[in-house]
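One structure is given below, represented as structure tokens, and several questions about it will come after.
Should a chain be cited, it is by its letter among A, B, C and D, assigned in written order, with residues numbered from 1 in that chain.
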Amino acid sequence: MPELTFLQAISRGMWEEMEADKSVFLMGEDIGRYGGAFKVTEGFLDRFGPERVLETPLAEEGFVGAAIGAAYVGMRPVVEFQFIDFIACAFDMIANFACTSRYRWGQGVPVTFRGPWGGATKAGPFHSRNIEMWFAHTPGIKVVAPSTPSDAKGLIKACIRDNDPCLFLEHKALYRRIKEEVPDNSPPIPIGKAKVVREGGDLTMISYGYMMHRCLEALGQMKDVSVELIDLRTIYPLDRAAIVESVKKTSKVMVVHEDTRTGGVAGEIAAIVNEEAFEYLDGPVVRVTAPDAPVPSAPSMEEVFLPSVADIVQATRKLANY
Amino acid sequence: MKGDAPPRAVQLEMYYYLRLTRALDERAQVLYKQGKVVGGLFSSLGQEAISIGSAFALEKGDYVGPMIRNSGTVLARGHTARDVMSNYLAKATSPTGGKDNSQHFGDIERTGVISCISMLGTLVPVMTGMALGARMKGEKRVAMTYVGDGASSTGDFYEGLNFAAVQRLPVVVIIENNGYAYSTPTSKQSLLRNLADKSKAFGIPGYAGDGNDVLEVHSITKRCVEDAREGKGPQLIEFKTLRMRGHATHDDASYYPPGLLDEWMKKDPIARFEKKLKPTKEEKAAVEERLKTTVDDAVDFAEKSPPPPGENALQGVFEDDSIIQFTPWWKRDA
Amino acid sequence: MPELTFLQAISRGMWEEMEADKSVFLMGEDIGRYGGAFKVTEGFLDRFGPERVLETPLAEEGFVGAAIGAAYVGMRPVVEFQFIDFIACAFDMIANFACTSRYRWGQGVPVTFRGPWGGATKAGPFHSRNIEMWFAHTPGIKVVAPSTPSDAKGLIKACIRDNDPCLFLEHKALYRRIKEEVPDNSPPIPIGKAKVVREGGDLTMISYGYMMHRCLEALGQMKDVSVELIDLRTIYPLDRAAIVESVKKTSKVMVVHEDTRTGGVAGEIAAIVNEEAFEYLDGPVVRVTAPDAPVPSAPSMEEVFLPSVADIVQATRKLANY
Amino acid sequence: MKGDAPPRAVQLEMYYYLRLTRALDERAQVLYKQGKVVGGLFSSLGQEAISIGSAFALEKGDYVGPMIRNSGTVLARGHTARDVMSNYLAKATSPTGGKDNSQHFGDIERTGVISCISMLGTLVPVMTGMALGARMKGEKRVAMTYVGDGASSTGDFYEGLNFAAVQRLPVVVIIENNGYAYSTPTSKQSLLRNLADKSKAFGIPGYAGDGNDVLEVHSITKRCVEDAREGKGPQLIEFKTLRMRGHATHDDASYYPPGLLDEWMKKDPIARFEKKLKPTKEEKAAVEERLKTTVDDAVDFAEKSPPPPGENALQGVFEDDSIIQFTPWWKRDA
């Protein structure tokens, strides 16, 4: 069984889908011979040719629109944003055109939008943004954010096979940092299912993406607290059942995300827990998030900006002792 | 660049569709004043020749993305008068089941008509993608769409057409230059006399024509459609015309300079075509008859159709409806 | 004291600011001789001339960028979107350029973005959207949504005078529906302050914009429940203090908004209440919102889509009796 | 269109700034390899003539929006080598206090330099607005900015320049056509041989020139700046050049066809200019001396400067910092 990095798992997942389905093709900037800014599509051009590894002009709104049109005639485009931050340049086309398409005239838009995402890489305000809630709050698109190679491979496959728009978020800080054995031709992993990474009884800790790894690190420092750790894996639709079930067991919940605070998914989870498990709650739903600011460039500031392992430990202890 | 005019039988069909477009528009105006139209009503009065002439230039299997003033295109490509009227009234029987309104509907399989959204310019990249997808499937389909003089100022128009050019895709974009974007004169959109010159930014051919001459519209468009299909890449056409009503029914176009409407009245595309076509009494009677039954039936159908069930609001966001359907806390009985 | 409609109050507020400050000017489509799609700027061209009532090409991203540039040299542009839905076409310029400007290089962007907003006018998916959370979740912009003529006038003035980007949301359904006496040359109303519209003890009801009026109508039908009604008025920054103070008094809170559910401001409020007043809570934070769907055109569907007076009554009773 | 070359004293300054730009770039490359540069490092090697020639064509009080390969512009407009180096290292002493990186900084009042963001094309509308605002204030300032061949495909470029054209604003946009957008050849961006022809979509003048000839860059730009200032509206210039390194330091440009770099090496803008200028031994010695002290000081300053205090991350989002500063529940001591 091959051991794959996070990046290789995504790459492998796309590769297998392209082998299996002629209608799957890639679009984006520099994804051909160069293999993409992060080399996620390295080797694809030689195997699948320039038509299925289509390099576009520097025009996100334009090539996203083209992807939608291609999907209308039965293709399954996988669109790479060189950094996910540039998805803002195609916002109208995604939010207004793609996300409403099935609703207004019954035409599904099986397009996968993907790209390097998130902070902790000293990349500054325009190459680090957490864009997930712009889309989780836009009805009509699914938002996926895996934290392990096997989940990444299974979920990119699920996105590509999905008949609705999917946004697949690839945390840059994980690309080459983590490895895992992932079987070839592995099956897709269902979108919308969270994963209980560790069982526990004192409190429920919910996170996703790169922050999952800081949560695990924090737990390593707190052998005395029994934490149930949940990896959302999908931001939209949220796995309400998994969240509620765990909270009913632990009676306490905290959410950790690197996204900014106001309007982050932690608030949504707080509301869900209130609606579905209020009587089980023995403490406030706690949020450990970034402040409402852009992502600063200087490492010294980004460290303060992002939730740290120490922050997670401190919050966990306070909630556990509450 | 003119091709030859279509055979008389086809011209009679074009005449019928011109008349049908206008007849439906007039009836829709009445329904609007009766408060029955959902959303704004955008008239194609005076611009019908562009929709009809261009629609008849397409082959079966081609794709077209009409905008709000292109009900003529939609009809000529095979949608029924019932489709048009019921969508204006947002009824359960409408092509969108009341989800969307106006000219926002289509049917990829049956008519090749793509539904637009309100954000102008967005269809240019999307139609480019349809041409791209079709080519990948080995099909020789042409994708055509329309923008107004205003919409030709959008980045979407630019990015979409440029992508089509680089890929040499069979895309035809028609600029309906009616001199105004809502109340804004074209002089506030561009310094260009001929918007067709925008083609020079893409290195593609650009043509201009009389938008009120249905045969000229047809021949120019037909040539462009053929060139596009033969692999000569995207084509840009500007047709000059005038919107003979306000932007939408609520607008009286009082910003038009005095005399402008009278001047263009003389260029009315239907009257002009009729002069050329000279339909016989019998032919005309047949058209009138066909019009009356079709239009009455469409209005009747639309009016009698039920509104969509309210619960449909929660259907069709995703393939799996359960994603958005659940009972909020306060609706559950304790 | 003149009686002004919601629309007139906004218009009047802008007029007074333009009279007072030469650097204030308007940009947008059809705002000159035509007076704008809803006639909010009627008469402005004659009074202030075409330079200060600047009609733009149909290109939102372009004229928003131009507004930012003008602000950089000391102007205070007020940018109208013909319908606020079209702000999506300028999303990158606002979210990435304007909202980060002060943070990344100290240059404030005193631009006011405004336009007709919201549903309940049978305007369909592209002329009814609630776009507030796209921006409330984007650090660097204030989001204001008044529900009365006097608040509208005071808050548009505050936005225009503010040295940071402000998004001013004008609910279409209120434009000509409500009237109020509003003094001339009234002062600005501070951004970020909620208003207790009605005092009560059984529960706190929080809303904003057009839904405030449905809330009031609902309260009219429930003389037996003592509800404290709060008008947020500002979505970002939220008036945490006002919310918390009220909940500490009533111990129960519900939020009503026409925005879609997931990622709506109700979730944010649920989190705030948990963090700040958990021990006072005698019931779950309840959300009455639109479902996660685009806004349908047909009135029959839009009625189901939007929270109704009956929905509010039902939710209030259930929470009150909890 | 050539104006006359600037006086020798000015040319010597241009020569110094060309050398300074390159010297700082080379030192930055070293610092990058030492892992001290925060974010990507985008080199202007081989393209310096465009930045310097165009910057020297501006008058005091004009505005310029440089992109990531325009450190030369920034220096020539009055920013110090310390500014450049400290921003690369994102230090507390940098113009952005470490908030942003790369060439993203400026100073409206002192240098008229506007900070760009990474989203390409965005500066075109923004500079258009600066020209608009200045005109409203009765000032005759010109606003200039740069786009690459890739960025010239963006809707922002199109919408911004079109707005400037309609408003006849004093805006100069320079397309630095270095043949590549990252690894993407210009043939995948546009069908045009000369990107200057994009000017035809706006009805404005377009010029093309040799981007590796600093005097040609200067004369063409100067004429355009004057025309713009005189009210002739926006001007579009394309300068052809080649990026002599990869897109950023991590990229070895292996996608360049063999021989391309050698071919352009012969056109090196600094060597060519030196041949023309023929600086005397003394002049050259003076430049070398000035360079050495300036560059050493800048690197020393940047390296010795402290990183910004972490808490600064929570400052400057709004004028009122308290909006985003509050202690989360878990940080409060019970």
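In this section, a residue touches a chain if its C-beta (ideal position, glycine included) is under 8 Å from a C-beta of that chain, and two chains touch if they have at least 3 such contacts.
Keep in mind that this is a model prediction, so the values were computed, not measured.
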Considering only mean CA positions as chain centres, point out the chain farthest from chain C.
D
If you average the CA atoms of chain B and of chain D, how many Å lie between those two points?
44
Where the centres are mean C-alpha positions, what is the separation of chain C from chain D, in Å?
39
In whole angstrom, the CA-centroid distance of chain A from chain D equals 35
Indicate the residues of chain A shared as contacts by at least two other chains.
56-57, 59, 61-62, 85, 88-89, 92, 96, 100, 103-104, 125-126, 139-140, 275, 284, 286-287, 292-294, 296
Find every residue in chain B that makes contact with two or more other chains and list them.
96, 99-100, 104, 117-119, 153-156, 158-159, 162, 166, 188-190, 317, 323-324, 328-329
Tell me the shape of the graph of touching chains, choosing from line, ring, star, complete and other.
complete
Can you list the chain C residues touching chain B in their complex?
29-30, 32-34, 37, 55-59, 61-62, 82-83, 85-86, 88-89, 122-127, 254, 284, 286-289, 291-294, 296-305, 311, 314-315, 318-319
Flag every residue of chain B that touches chain D in the complex, lowest number first.
153-156, 158-159, 162, 165-166, 187-192, 197-198, 200-204, 233
Which chain A residues qualify as touching chain C in the complex?
85, 88-89, 91-92, 95-96, 99-100, 103-104, 125-126, 133-134, 136-140, 236, 238, 260, 262-271, 274-275, 278, 281, 283-287, 292-294, 296
With touch defined as at the start, can you tell me which chain B residues reach chain C in the complex?
38-39, 90-92, 96, 98-102, 104, 117-120, 150-151, 153-155, 181-184, 188-190, 255, 307-314, 317, 323-325, 328-331, 334
Which residues of chain A touch chain B once you look at their complex with the stated criterion?
25, 51-52, 54, 56-57, 59, 61-75, 92-93, 96-97, 100, 102-108, 139-140, 142, 162-164, 192, 237, 240, 275-276
